[in-house]
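Quick one: the structure is below, and I'll ask about it shortly.
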Amino acid sequence: MAPLLQVEGVAKSFRGLRAVSDVSFAVEAKEIFGIIGPNGAGKTTLFNMIAGAFRPDRGQVQFDGRDITGFRPDKVCDAGIGRTFQIVQPFAELTVLENVTVGALHAHREVAAARLAAADCLDLLELGHRRHMHASNLTLPDRKRLEVARALATGPKLILLDEVMAGLRPTETDRMVVILQRLRAEAGLTIVLIEHVMRAVMALSDRVMVLHHGEKIAEGKPEAVVRDPAVLTSYLGGAAV
Amino acid sequence: MELATSRPRRRAVLAGGVAALVAGAAPFNIGRAQGSKLKVGVLLPKSGLQAQIGIDCQRAADLAPALLKSKGFGDMELVLGDTETNPQIARAQAEKLIDQGIHVLTGCFDSGQTLAAAQVCEQKGIPFVVNIAAVPSLTEQGFKTVFRNFPTGPMIATDAFLLQKEMYAATGKAPKTVVLMHVNDTFGTSQADAITKLIDKFDMPYKIVERISYDPAARDLSAEVRKGKGTNAEAVWFISRLNDAILMTREMIKQRWEPMGIISSGPGWYEGQYMQALGKHGDDVVSLVPWYDPNKPMSKALVAAMQKAHAGLTVNTNHAHTFEAMLIIADAYKRAGATDAAKLIAALEKTDIKDNVTVGPGVKFDEKHQNPKTRCSAVQNRGGKNLAIFPAEAAETKPVWPMTPWSKRA
Amino acid sequence: MSLYTRLLGDLTGRGLAALAGFVVLLVALPSLVSSYIATVATIVLYLAFLGQAWNLMLGIAGLLSIGHALFVGIGAYASAYLFAIHGVPPLLGVLAGVAIAVAAGALIGYLGFRFAIGGVYFALLTIAFAEFTRIMVDHAKFLGGTEGLFLPVSAASRHGFDLLNLRGSPEMFYYLILALALAALALCRWLLTGRTGYYWRAIRDNPAAAQALGVDVFRYRMYAAMISAGMAAVGGVFYAFFYNNLFPEQVFGIERSIELTLAPIVGGVGTLFGPIFGAFVLTPLGELFTAGVEWLQTSGAIGRHVKVDGVKPLFWGIAVAAIVLLRPRGIWPWICDRLGLVKPPSERS
Amino acid sequence: MDVETLANALVAGILTGMVYGLSALGLSVIFGVIRIVNFAHGELLVIGMFAALVLFRWLGLDPLLSVPLVAALLFVFGYLLQSLVIRRVAHLADHMQFLLLAAIAIAMVSGCLIVFGPDPQGVQLDYALDSFAVGLLVIDKTRLYAAIAAVLVAGLLLAFFKYATVGRAIRACADNYLGAQVVGLNVGRLYALTFGIGSACIGAAGCIILLLVDVHPYLAPGYTLLAFIVVIIGGMGSLFGALLGGVLIGVAEAMAAVVIQPSLKTAFSFALLIVVLLLRPQGLLGKAPH
């Protein structure tokens, strides 16, 4: 069977600066796939190309058997990919529940049904008690959770998580790891995540890909990748081991 | 850009509402209206683009009660309103004045505002004596309570041709080509339309080589004058407002355009401020406009009263027609002997005033409530004064035509 | 969700009572006050109606238009032209007016969104279109040009009641605009509590995030622009038949556009009752200043020829500036909180 | 249309356009740095014109000579306006800033109306009606002087932003607000200075325009809109752009007036504005947004 997400040789430059060059990878259904790399490695650019925020200069994105290269973000969402933003983008004037309802309306036409589904998503992310707060009043970790809840509410097959653990305390990180694992197990969700928190990456990922200067330098099981000499020298730095 | 009129109107809403509502103002006002004085609503554009004209008209209205009382007419009390140069506000202000108990309304100088106020008066059955407004539809719409002692656009155009012929015959100098330059607003366009439509009927010695319309709020009229000069017409006929009349003259001098003469129908060129702003360069313009007959006794009284109240101010159309509207009201009140609207209207319909101020045989309304006999004059600016030159029976002096070239003015 | 919940669900008992009292007062108004105040109330409601339409564009969909007079004018001119020249009743004319305005709204929206012209630039685009149209209508002889377009006044238009041709007494126009204003309020509430409303608010707050959640941002923005333009055109039809005369400067002028933004901004952008409340606040404010100036004149403190035209707008400008500085979210949300008219989010179903 | 008329219209259009450009410079400076769209622009200009008028009436000062005085006056006014009022709405949405400035504009126009009345008033200089004849061209003296003065003021402003320390600091602020704060620039004060300088520029323009146009309070909104058109066409924040935009509008209006019909000339400005907004929203010389 074909992989759920297949990225083929995508590349993107900004003003002559190469952000991503010829990256290919594939993610199987129900897999958790980690993307790591130093700042400026092109991880978020890669996400933006999958999610439709940028059109790749070259290459193809296949999802669920369809070519979605260059789709608008809302069409990518229609295809079944949810995403979060590295810099959180809440709807500041809306309450937490309303924020998530916007996402849920993608899966439910009726507002009442969407609100119920949204409430469930919030409970899942342990945000239920904050549902009537305005999004602008949330703490940063809660906003990260809100991002995930909102993306989940659209009912995606695959979700792109961009540094949702950043700023979380270790116990909170562990909670998030459990939540994501449950999502995969119970809802059959496929997850692609960009993450700096190695503890979470190692705990969650089935496979990991390493980007450096916009290029893929390694891919494989987490344990194997962190021992890869190329990764060690370029990313973790030789002295780290 | 007509933006120039916008400021005070940005006020979202016209007036009234909750505060007045709570006060329950209306019934008391109506109660107060009973009395021996005739309450006359004077609704004029006293702010906005036409503010200076409205204020000018107001001066004559203010003189009227005392002056007319001295001539044996009844007591009148003025209740003032400001249209802010806006038909919408004119309408609401008319309603407000009527609620304040006025028995009769006069105003509003501008055609659009006058029409808006006329609708209210018609609805409430309040007599409305228009002071100035040339739009023909005002007396063609079948209003029962609206009276006008001001020539319509076509009447002004007709008189303009007749007066010109008289002038050309008297001076022996007629242009062969004329360029018509008009401000692109309600008055300017309707006047220019009437002129182009009627010219063939009068066998004029010239033809109009081009018709140029320009923006009433234009900041800069150099290109307009350039275009006018480029037609090489012998004379130029303007339909303007005050500000553009001043700008036009300056540009003509700077661009060294020396026509045989300047003819104007409409405001601007005869106004005191025009002559004040331009000094010697404001002289010799011939305005073909509704005017007062300086030889009539009532006119002399008005001129004297105006001199007393505003030294140095010369009487013009604004004053003459606003005052005459007050005269018509006072006359109807005297004959009706009551402030009752129906009686006032009946009296107005029978108006027959000989001792008036404007040019023509007097005031008498036809079945449409228009005075068809009111006439225009040719008035020339001379040394900072307006002197009537035609028709002969209402003239003060002989014309200077062709005009003195700009370069030869001492 | 029931219609009731969608329209009134977030009001407290007190809020419902206040709304009911307000509506009753408005319905009874013409028999309580003089015709002048009734006319003023008509204009207040007209501005409240237009404010609602404009608010949809900025407050709900996040698009600042300072050229809304364009849509009002299109509705006014289209219906008046059809009635005065071709005898088409306004009940049909309104369809033509709305259709043209919606098309214009779609065009401006399309250009603005497709070329990514946002914020103040979008505002200037709307001004440019309105001004351009004004000058074109100035030169359109078939619409009367600068000489204006007049609707015939007949006996029926003085005291009668002819809803089909919109000829009738001031009371008829009062109740017509009252009905329109209430309908606009209901329509906006209905839209806002539905899917479209969620999407609009999301787009206003963060278009990129909304798009990532599957919202077709362009399409929903176009809906907002088109509905807002269409509503404004309905207001324009009312304007034309209420005033009976149309002049390009009066109808399309930028002052008209600015005028109709004031009530919603002062009342509270993005709120539903704000535009109505704003219209009802600004009006007495203007009247208060008028009365004050008149009092100064009659009491002899200032002479009749002293240039007092400026006094009223001066204080008015200062008052509006003060509102912006002190209550930047508008007055209505503040009153709502103070009086407890609206349920907090946690109590809504 | 003959060559003489066209040539004269072209020259007058260029000269007028330079003055238009100058009148828009202040708007461009303020927007370029503070990102505030000054809807009270025309009102400030009218205040500058009235100030020059008063100086002429009291002291017989030629408006060209009163430029420094009026500019200084408007500088103070602008400085105070920014630091006392506008600063407080910097965080608010566009429409609130718009409303505040529109309200301030109304208050200013009304103030002028109370003090000066609604009538147009101008200065009568002995050279006001003179013109030079050069071949086919008849060049209006005041217009020529006004254009020269406009270019001088614009040049001064450019030099200020290029060479003066404060000018460079302001530019740094405009390019990078955060960076400017980080390196310890007092951004609040620089903003107030910028508003002051922008206003001074408007004041100077007011003096110069008084040579050509009689002042009355209701002129203001027209000038606000004109400045917007000029600045958007030229590019918000670009000083050369403002001059270029001014000349383009001046020439377009003059040509439209003589070739087509004067009453349609402003429609050409708006059409030009729409085209530029659609094809190049940053303006002809503006920087593309990141």
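Here the chain labels run A, B, C and D in written order, and each chain numbers its own residues starting at 1.
By definition in this document, a contact is a pair of C-beta atoms (placed from the backbone, for glycine too) under 8 Å apart; a residue touches a chain by one contact, two chains touch by 3 or more.
Fair warning: this is a prediction, and the values are worked out from it, not measured in the lab.
Engineer: My parser should flag the chain pair with the most contacts; which pair should that be?
Structural biologist: After tallying contacts for each pair, the winner is B-C.
Engineer: By CA centroid distance, what chain is farthest from subunit B?
Structural biologist: Ranked by distance of C-alpha centres from subunit B, the top chain is A.
Engineer: Please tell me the distance, in whole Å, between the geometric centres of subunit C and subunit D computed from their C-alpha atoms.
Structural biologist: Centre separation, subunit C to subunit D: 32 Å.
Engineer: Counting in whole Å, what is the centre-to-centre distance of subunit A and subunit B, each centre being its mean C-alpha position?
Structural biologist: Between these chains, centre-to-centre, one finds 75 Å.
Engineer: In whole angstrom, how far does the Cα centroid of subunit A sit from the Cα centroid of subunit C?
Structural biologist: 44
Engineer: Any idea how many Å lie between the Cα centroids of subunit B and subunit C?
Structural biologist: About 35 Å separates the centre of subunit B from that of subunit C.
Engineer: Spell out, as numbers or ranges, the residues of subunit B touching 2 or more other chains.
Structural biologist: 1, 3, 5-8, 10, 47, 51, 55, 184
Engineer: If I count partner chains per residue in subunit C, which residues reach a count of at least 2?
Structural biologist: In subunit C, the residues touching two or more other chains are 131, 138-139, 254-255, 258, 262, 266, 309-310, 312-313, 316.
Engineer: Among all residues of subunit A, which ones touch two or more of the remaining chains?
Structural biologist: Subunit A, residues with two or more chain partners: not present.
Engineer: Which pairs of chains touch each other in this structure?
Structural biologist: So, checking each combination of chains, I get A-C, B-C, B-D, C-D as the touching pairs.
Engineer: Which of the residues in subunit C come into contact with subunit B in the complex?
Structural biologist: Residue list for subunit C touching subunit B: 29, 32-37, 39-41, 43-44, 47, 131, 134, 138-139, 145-148, 150, 152-154, 158-159, 169-170, 243-245, 247, 249-250, 253-255, 258-260, 262-263, 266, 278-280, 282-284, 286-288, 290-291, 304-305, 309-310, 312-313, 316.
Engineer: For subunit B, which residues are in contact with subunit C within the complex?
Structural biologist: Those in contact with subunit C are residues 1-3, 5-21, 24-27, 29-30, 46-47, 51, 55, 58-59, 62, 80, 82, 84, 86-88, 91-92, 95-96, 98-99, 111-112, 115-116, 119, 122-124, 135, 137, 141-143, 184-186, 188-190, 193.
Engineer: In their shared complex, at which residues does subunit D touch subunit B?
Structural biologist: Against subunit B, subunit D makes touches at 1-2, 4-5, 8-9, 12-13, 16, 102, 106, 109-110, 113, 117-120, 122, 124, 128-131, 133, 138, 140-143, 212-214, 216-223, 225-226, 253-255, 257-258, 261-263, 265-266.
Engineer: In their shared complex, at which residues does subunit B touch subunit D?
Structural biologist: 1, 3-8, 10, 47-49, 51-52, 55, 184, 212-215, 217-224, 226-227, 229-230, 242-243, 246-247, 250-251, 253-256, 273, 277, 279, 281, 406
Engineer: Taking the complex as given, what residues does subunit C use to touch subunit D?
Structural biologist: That would be residues 58, 64, 66, 111, 115-117, 119-121, 123-125, 127-129, 131-132, 135-136, 138-139, 254-255, 258, 261-262, 265-266, 269, 307-314, 316-318, 320-321, 324-325, 328 of subunit C.
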